[in-house]
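You will see chain A twice below: alongside chain B first, and alongside chain C after that.
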Partner chain A sequence: MPTTRRAAVLGGNRIPFARQFGPYAEASNQDMLTATLEGLVARHGLAGERVGEVVAGAVIKHSRDFNLTREAVLGSSLAPDTPAYDIQQACGTGLEATILVANKIALGQAESAIAGGVDSASDAPIVVPERLRRKLLRLSRAKTPADRARAAITLRPTDLGIQVPAATEPRTGMSMGQHMAITAARWGVTREAQDELALASHQHLAAAYERGFFDDLVTPYLGLTRDQNLRPDTTLEKLGSLRTAFGSGPDATMTAGNSTPLSDGASAVLLGSQEWAAAHGLTPLAWFVDGETAAVDHLGGEEGLLMAPAYAVPRMLARQGLTLQDFDLYEIHEAFAATVLSTLAAWESPEFCRERLGLEAPLGSIDRSRLNVNGSSLAAGHPFAATGGRIVASLAKQLHEKGSGARGLISICAAGGQGVVAILEAA
Partner chain B sequence: MAVETLATLPATAPLLARAAVTARGRRGSEVPQRTLRVEDVRVDRGRLAAYQRLTGYDVSDTVPQPYPWVLAFPLQTALMTRPDFPLALPGLVHLENRVTTHRPLDASEPLTFDVTAGDLRPHRRGRTLDVRLEARVDDELVWTCDSVYLSRGRGDEDAPRGDAPPQAPDGPAVAVWRLPDGLGREYAGVSGDVNPIHLHPLAARAMGFRRHIAHGMWTYARTLAALGRTSLGPSTSRVWFTKPVFLPSTVELVVGRAPGATTAALRSRRDPPTTHLVLTLEA
Partner chain C sequence: MPRSDGYTSFVNSGLGRRLASSLGLPQPVPLRRYSPGAPLVEGPVLVGGHDDTPAVGALRDGLAAAGAELVDTVPDGARLGGVVVDLTAARAPEDLESLRATLGPALKRLGRCARVVVVGRHPEAAATVAQRAARRALEGITRSVGKELRAGATANLVLVTEGSEAAALGTVTFLLSGRSAYVDGQVFRVGEGEAAAPADAERPLAGKVAVVTGAARGIGADIARTLHRDGATVVCVDVPAAGASLATVANGVGGTALQLDVTAADAGARILEHARTRHGGLDVVVHNAGITRDKLLANTDADRWDSVVRVNLLSILAMNETLLAKDGVREGGRVVLVSSIAGIAGNRGQANYAASKAGVIGLVDGYADDRALRRRGITVNAVAPGFIETEMTARIPLGTREVGRRLNSLAQGGLPVDVAEAIAFFAGDAQAAVSGNVVRVCGQSLLGA
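For the complex of A and B:
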C-alpha cells in the first residue's frame, strides 16, 4: 500500500502574457506550451530528463491538438519517453493539473511532474456553422453516388459562414462578463472598489517586475519581456474614465479596466518529491498541502456563475482545521475585480455563510494587504488555462521568501459554475 | 578582398528579372574577387513565424539554422547578378550546403551579412562554384554557410569529384511527408526565392525540368526540424541535394543516429532507391 508524502513545488516558468492579436497572434498553443516547457527545462537543468509526467491543457483547443501536451513535450528538450496528457477544466485547468500531479507524487506514483496550461485567444480554431457541419458529415458518410448526390443537394450557399468560439456559457448564452455583472449587483460591489482593486493589481505587478521577482519565473517570448497588458502608470482617474462594458444603466460597474482582457500565454510548474528534488539539486519552494473543487448551479440564477470558490474554500478549511485568517498570502484570481470582491463579501456575510455554507459564523474578512501581492490577472492578463500555473509558481516563490511555514491560499473561478482552490505552505 | 557595403538588402524580384534577361551573355572562368555586405538586417517576426510553420519548427525566438540563408538570399542574388558574374542565375542548381551555428541566434539580434563567391571549377555536369555567407552580431561570427552551386552545361568527366555524400541510412521510414503541388509557391512566398523551377510545371519545363521541384532549402529545413532541437544550438549540418523532389510527391524520412552525429535522408516513397537528400548533423 502506498503511503502519502509531501509534494513540493520546485519552480515555475511562463512566457509573458500577451493581449489577443498582439505579439503572439501567429503562435499556436503548442508553440507557446513548448517554449514555456523549454524555459522550465533550461532553468532547472532538465534537458534529457524523463519527468514522471507532464499534465497541461488549453480551454480553446483545436481538435487537431488532441495530444497537445505530449506534442509539446516531444518538441522540448525533455526526454522523449516523458509521458503527458491533457486536461481541461476551464480557467481552473492549470490549478487542477497541479492538484493531479501533486496527488500522484504524494501517493508515490510519480517522483516528479510538470503541471501547466496554455491558451490562445488569437489562434482560435474556426468552425463552420452547425447546420453545414452536419450536412458535410452526411455527405462524407454517403456510400453510393446517389446518396452523395442527395446529400450534396441539401447544401445551400446560406449555410456558409465561419464561427469563432466565444467566451459564452453554452447553457445561458450569456458572456462571463454578463454573468458577473449580475453577481456584482447582487453583492453591491461598487465601481470604485473594482477600480481600486484593478489599480492595485497593476501597481503590484509592476513593482514585482521592478524588484526582479519574475526574473526566474518568466522567459521572454517573441520579443515580449513583460506582460503586455501591464499599465504601471495607470491611475484611478484613468480607470474611472472608462465606459462600462457589462451590465446596463446606473448599476453597470464593470469596465475593460476592471475586467481581464482576452489573452495569449502559457505557464508551467515543476513539482517533485523531496528525494527527487535533492537528487536534482533543487530547493523546494512550497509544499502542496491540499486542493478542493466545487461547483454551483448557476442555471436557475440561484448562485452566480463565478462563485464556486466561495464554497470550495470553507470545505477545504474545515478539512484542514484552518480559518480564513490563517494565511499569510491570498491569491484570488481576478477574472474580474468584481469576482474577488463578491467572493470576499460572501465570506464576510453571516447570511451567506449560514444559509449557503451551513456555517454558524461567517468566515470573516481577510487582511487585504496580503491579497494578490504580486499582481494578478487584471494586470497580467488571463490566458485561461495558463493562470493556475502563473499563480502556483508565484505564490510558492513568495511564500519561500516569507520563510518556512508561511501559508498561502489560492482561489480560481472557472466557467460552468466551477471553482478550484488550493493551499500551499512554504518549505 | 574588396568589401562593398550595401545600404539595405536589395529587392529580389527585380534582380531575378535582370538575371533572366542577362542569362545568355554571361561568360568567363573567373569569379570577381568581391564581398558584398549588408548591416543591420532585422528578422521580421511575422515572416519568421510563417517560415517556422511551413518548415516544421515551433514558432519561437530561436532562428532555425537554415533561416539566415533566407535572410541573406537578396544579398547573394545581388552578388550573382552583377554584370561581371560568370554564371547565369536562372537554372543554377544547389548541390551542397554546410551550415555552422556558432551559438543560438535570437530573432531580436540585428545581423551583418557578408557574401563571397569563388572557386569556379569544372564538374562532370557543367561547372560549380562556392558561395560563402557569414553572419555576425556586432563583430561576433555567429553563423557560417558554404553552398555549392552547379551551372549545368558541357561537363568534364575527368573533373575532380567533391566529397561524396555519406551512405543514406537504411531501414524503415520514421516519418512520411506528403508534399503538395503548391509547396514551392508557398515556400517562395515565405522565403522570397521565386525561382520559376519551384513554382509551376510549365515554368519548370521551360528551364529543362520535367515538373516543378521543391526548394532544396525547404527539404533541408524540414529535415533538420524533424531531428529535434539540436540544430537550434551550436552545431554543424551538411546536406547533399542528390535528386530533385518533383511536386507533388510523398517522401520518407530515414534517420541513423550515432553519438554526436546524426545522418538523415529523404527518399521517394514510391521509389525508395531514389534519395533526394542526405544530411549530417553534428553538435
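For the complex of A and C:
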C-alpha cells in the first residue's frame, strides 16, 4: 500500500443560497448541483477533464435522484468518464464527502476529487400517506381486471393527503428547533447572546461580500448574486423584536432571526494531490489535516440532538495533539445561534468535559474574534447538504490569506444526533 | 446569439428579390463568413496594379500558399473571388489610371462576397507632394468602390512600408478571407517587419494565452470562442454578477472563468497572476468590457458620466499599467481594444460613451508610439464596431433598428463574430508589423465615414 500524502483543498464554488420558495423554487437538486459544478469547472479550467471522483449528496432527495451526483456530472462540462456517487449524512453530508475524498487522495486512490452537497427545501418530494401507498402498490401489482377492481375498491377518500417532509426527528417527532430549545435552556444560553451571534453572522457575511471575498467562491444562479437571507442592515433591535419560534413560555429564546431558515442551494469543493494541482496550475489553499465524526444518544434526553460535535472535536484534538486554542479560525456551523453557544459552553464547562468527555480539564474558551469570520449559516442560509462545502471552501481561502501554517477547525452538527468535524491547515 | 434579420432572409427569397429590386430597396446578402476548412476565397484572385507592382511581387507566394489562385487576367466566364491592386509604385496622381484600368473592368466580374484589396504606401512617407496626393487618393477610391460594390463584396486599403511589403501578408490574407466579412471601406496600416505566416493557418493562435474582459455575453463571448477556435487558451473575465453566463462561455471554450470587476484596483494584477499560475503566461489582452449609461448630456449626472468613463476607459489604462509592465505580457504580446463607431462619429445621448470610446482610440495612438512596447514586439490596435446584432441592439425600437442596420454598404447589421474575427486577426503573430490601427467593423457605415 502506498504511504499517505496530503490532500489539498484547491478551490470551491457555490451558488448563492436562496430562501425556501425563493428564486430557486423551481430548481431541482440536480439543476443546482449541475450549475454549481459548472461554476467550479469554469473557475478551475476543468472542462473536458476527468476528475478522480465526484461525491455529493442531498438530505431531502427524490427517489428519482438515486444517482444524483453522477447525473449532475453528466450534465456538466466535466469529462463523462468522471465517476460519481451519492452520500448522505444529514447536514454533515458536505463535510463528510470532503473527508471521504481527502482520504482517497491521501491514500493515493485518487489524484483529484470534488466533494459537494445540495438541498432544496422548495422542490421537495411529496409523499402520500403510508396506507395509500400500500394500496396503490397493490393496485399496480394486480394482473387481472378483477384483481384491479378489488384493489381499487379499497381506496377511500380518507386515504388522500400529502406529506411534505419537515426537519423533524423521526424517533422523537420533535422539530430540530424544539430539540435545540431544550439544549439551549440546559446551557442557559440567553436570547441576547444568540441575537448578537446572529448579528455578527450577517455583518461578517456582508463585509466578506463587500471586500470581494466571494468573487472566486460563488457563481450567481437564476439571477441571485448574493445569499438571499443576508440582511446587511439588521440590528440587535430588529433581531430583538422578533417573536420566539421554538421553546415555550417566558424562557423561550429562539427566533427566526437566530435560527437558520429553510434554504435552497448547492456547493462543491475541489481537492487534489499536490502533483495534480501543480500539473493544473492550481495553488493549494489548505491541506486537509483530519476529520472525525461522532454521535450522541439524544433519544433518552441524555444529550442534546445537536451536541455531537462537542464530542467529536476533543477526540480529534487528542489524536492530533492539539488544544482547542491552537486554531487561527473556527467555523462552527450556525444551525441555530444556540447550537454554537451551547457547544462553546460545553467546552468551557469543567463538569461537562470531565463527566462527558472524560477530560481532566475543560477544553476552555476560544477567541471569539476568530469565529465564523466571514459569516455562517444564520446569514447565508443552510441548504442542509450544501453547508459543508460552503464552509470548507471559505475556510481554505481565508486560511490561505492568513498564510502558511494557519489552522482552522470546522464543526458541523447533523440530524440524528450526529456531528462531523475537521481540521484544515493553510498551504 | 441573435442572428434574425428577417429582411435579409426575405430579400434573398424569390419574391423578395423581385420586390426589392423593383422598389429600389436595399438588397443585403448573407455574408461569406469563415469556418475552419473553408477556402480562403471563392474564385480566382486577379492581381495587378501600377508599374512593377512590388507589393504583389512580395505577397504572391504567400497568398498562393494561403490558398489563393492568383491570375493576371480575368479568366473567361469565371467569377472573381477578389482583386488585389498594387499602387505602391505610384509616383503621381496620373498613375492612378493603372488602378482604374485594372479594377474597373474587374468589378463587373466579381462573384458574391468578393474582395477588393487596394495596396498602397503611407502618404506621410511620400517623396513629393504629387506622390502624397496619389497615395492619399487611394483612400477615396477604395471607399467609393466599397459603396459601389454589391452582393456582400467589400473593398479595403492596405498601406505598406517600403521594403516591408511582405509584412502585409497576414492583413491581405485576412481581407480576402471570410474572416473580414463585415470589414469594409477600412484602411490598414502595416509598418516595418518581416513576412510571417502562422505555422498552422487554421490555428494561428496555438500556444497563446489570451484574456478577454466582458466575456460573459454578446461580442465578448464570441471573441472568446473565436480566439479559442484559432487555438488560444482563453481566460474569460467578467463581473461577479455575470458569473453564471461567464462559466458557460469559459466551459464552452475549455478556458477559465475569472470573476472580477475591471475597475478594481488590483484587476490587472489578478488577471496577470491568474494567467501566469494557471496557464504559464499572458500573450493576448482583449479589453472588451464596456457599459452604456445613455442620456442626453444635458441630463447626464456625474454618476452616469463617471461609471462609463471608469469602466470603458480608465480601467484599461489602470490594468495596462500592470499588464504592459516589463513583467507583464510576454514578448510579442498583443493588445486589442474595443472602441466604437460612436467614438468616431459621436452619437446623440452617448456623450459619455463616445468620450470613453474616442478615448480608447487615443490610447491606441499613445501605446503605438511607445518605443519600449515596440521593442518588446507588443502591438496595440482597436476595433470599432458599428451596428452589431446583439442583445443590446435587439432592444432598440424596430424603426430605429432597421435604419441602423441598413445605413451601410452591406445593408445589414454585423454579427458579434465579425468583431471577434478582426480581434483574432490583430492577435495573430503574423501581424507583428500591424500596430496603432483602429479598424471599424461596420460594413462601411455611413456614420462618421
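List of remarks:
We take it that the second predicted complex is superposed on the first by the 422 of 427 C-alpha atoms of A that agree within 3 Å, B and C clash if a C-alpha of one lies under 4 Å from a C-alpha of the other, contacts with A are read in each partner's own complex, and residues count from 1 in each chain.
The rule is simple: contacts are C-beta pairs under 8 Å (C-beta built on N, C-alpha and C of every residue); 3 or more make two chains touch, one makes a residue touch a chain.
It should be emphasised that the depicted structure is a prediction, and the values quoted were computed from it without experimental measurement.
When both complexes are overlaid on chain A, chain B and chain C end up clashing with each other. Contacts of A:374 after superposition on the shared chain: neither chain B nor chain C is touched. When the two complexes are overlaid on their common chain A, residue A:34 makes contact with chain B while staying clear of chain C.
In the superposition on chain A, contact of A:201 is made with neither chain B nor chain C. By the touch criterion stated above, A:212 is placed in contact with chain C alone, chain B being left untouched.
Judged by the touch definition given at the top, the superposed model places A:26 against chain B, while chain C stays out of reach. Within the superposed three-chain model, A:77 lies in touch with chain B and with chain C [touch as defined at top]. Once the two structures are overlaid, the count of chain A residues touched is higher for C than for its counterpart among chain B and chain C. Look at A:69: by the touch rule set out above, it reaches neither chain B nor chain C. Using the contact criterion defined above for the overlaid structures, shared-chain residue A:283 touches chain C, although it does not reach chain B.
Shared contact residues on chain A (touching chain B in one structure, chain C in the other): 35, 38, 77, 220-222.
On the side of chain A, the complex with chain B involves touching residues 23, 26-28, 30-31, 34-35, 38, 75-77, 220-223.
Those residues of chain A whose C-beta lies close enough to touch chain C in the complex are 35, 38-39, 41-45, 47-48, 77, 212, 214-216, 218-222, 225, 280-283. Per the touch definition, chain B reaches chain A in the complex via residues 45-46, 49-50, 53, 58-61, 107-108, 229. Within the complex formed with chain A, the residues of chain C that make contact are 236, 240-244, 246-248, 250-261, 264, 277-280.
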